[in-house]
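The same subunit A turns up in both complexes below, where it pairs with subunit B and then with subunit C.
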Partner chain A sequence: MKPSDPSGHDSLWREEVSFRTADEQYVARRQFGTFLVLTSLGMFVGNLWILAKSWFFQQPLYPLRPVARAGDIAPGAVKLFQYPGEHDPCILVRLGSGEYVAYSQKCTHLSCAVYYEKGRDRLECPCHEGYFSVRTGAVLQGPPPRPLPRVRLESRGDQLIATGITLNPEEI
Partner chain B sequence: MAYPPAPQNEKGLPQGRGLSAIDGSITLIVILLIVQMWWLTASLEAYLSGHRESALPAAIVSGILFVVCLLLFLFIRRVDREVRGRQ
Partner chain C sequence: MIHVDYLDRRNSIASVPTVCMHCDDPTCAEVCPADAIKKNEDGVVQSSLKPRCIACSNCVLACPFGVPKMMVEFEQMMKCDMCYDRTSAGKRPMCATVCPSQALAYVPPDRMARERREKPVNVFHFGNQEVTTKVFVMAPAESAAIHVDVVNYMWEESL
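After this line comes the complex of A and B, so read on.
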């Protein structure tokens, strides 16, 4: 084949646009292969991004914030509050045993608001029927891929103070 | 109008054989890509769950999968050039 430029290489359009039917199959496959490899590169970059986020991760400083008075909530009742920011809804539940637990109210599936179902003693997401254990936040059923982030609570006098958020229930 | 003759490559590889090699390589790349996609999803879920220790092995495995895909792609390019007589 006659080269199209003095350097002896075919120009790009000759590589990518063939006038022979037999060659078109090769061009199409090569272009598809290029697309696949670029997709693979994109996913590798995604993994590198996760690695960078893990290496440079710093535990955020959570504020101390009173969320309720100890006697204000009856066993089996709930209280909604925002923590750590004004746009982070959380749910505080007083269990039948008298213990307090609090979780982020955003379902880990698609961020719908979960609510406490007293009769079944679990947190439920109404959007796709995802159920969470009210004692640990672990997923009991449904599409949520992760447990609910748990709000750490401390009792100081008659005040319940939120002190931080735990993503991994095993850390509790 | 007379069409140009069918391409003759220097090594005499038949067109169909080259296409089979390329199709096989693309199939392998697609399989590796599905594994890599699952790997990225799993490592993202682990990261969001607070398990940050799995990020390094996940990145290494993803890098290996990418390199294998790249090698298969270079193989495709080589077969393409050989069969179409561009070398």
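After this line comes the complex of A and C, so read on.
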């Protein structure tokens, strides 16, 4: 490619940085005012839309999905499943007492996969040593800023059904 | 700014004012990295704008006529702006008003061509660079452009 002549009269810099006072472009007060008003209007409408959305779609609808049969998992064992979507890994733990709990497997710090450490009875994230309580999902130690989202479980007959996700298990 | 050079300081007190030629495409403004030198609607190339000038001296080195001067005490380039405060109010530039022989005159070039034997010329050749200016220079009647060999005018050669 032939380099353009820097002193050529069709050069871009001549057009963009003109030495002629007449070619200088200033933003007029009215232009700036129009920009401010239109931008604020846009943000106001956007906020109204967010407000309306939060009013009319308050509860996200979660599908019901069978996760496991009640007798399949021994106390202290785990089962991995996906809920609510195909790419949302979750972990089902049967506690030593026989009770079932399920959490999202994504650590709330940087989305590493947490696992159940049976000996210490807690969920551990190997990336930065974030530990979660296996009973509530609360953060015990480390960098995670929030508790693990908890998967609500319901027992129907011998089936365990996932019915939804609670973001803050301490509210249960 | 009035810019007076001494021609041969050792042997003479003769001085010459270096007025700006107010080029159509001012090289000083083209090389300015800070966009501080502006040519206004009247075709007058102004001194550098104080808030913008970074005192880099690019214009001082680039001007083929040697017009811009770096005022180190102000950290700013200043040059002849055709006494814009006077000419914009309908008065002649200061140098033209005080010149006793009208070697510097503030008149339209066509009127100058009628009144004098020489021809007003505003095309200059510096090597391959052709510069056309707002200010005219009186040249012999047969010349179409003025060729300037800069090396011949360098002070080392004249000593």
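The rule is simple: the second predicted complex is superposed on the first by the 115 of 172 C-alpha atoms of A that agree within 3 Å, B and C clash if a C-alpha of one lies under 4 Å from a C-alpha of the other, contacts with A are read in each partner's own complex, and residues count from 1 in each chain.
Heads up, the rule we're going with is that a contact is a pair of C-beta atoms (placed from the backbone, for glycine too) under 8 Å apart; a residue touches a chain by one contact, two chains touch by 3 or more.
Nothing here was measured: the structure is a model prediction, and the numbers come from that model.
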* Applying the touch criterion given at the start, work out whether A:T34 contacts subunit B, subunit C, both or neither, answering first, second, both or neither. => first
* Contacts of A:L64 with subunit B and subunit C, given as first, second, both or neither -> neither
* Asked: If you count the residues of subunit A that each partner touches, which comes out higher, subunit B or subunit C?
  -> B
* To do: Could you tell me which stretches of subunit A are touched by subunit B in one complex and by subunit C in the other?
  => 20, 22
* Spell out the residues on subunit C that touch subunit A in their complex, using ranges where they run on. => 26, 29-30, 32, 35, 37-41
* Spell out the residues on subunit B that touch subunit A in their complex, using ranges where they run on. => 4, 6-7, 15, 18-19, 22-23, 25-26, 29-30, 32-33, 36-37, 39-40, 43-45, 47-52, 55-56, 58-59, 62-63, 65-66, 69-70, 72-73, 76-77, 80, 83-86
* Hey, which residues of subunit A end up touching subunit C in the complex? -> 7, 14, 17, 19-22, 24
* What does subunit A use to touch subunit B in their complex? -> 1, 10, 15, 20, 22-23, 25-26, 29-30, 32-34, 36-37, 39-41, 43-44, 46-48, 50-51, 53-55, 57, 108, 145-147, 166-168, 171
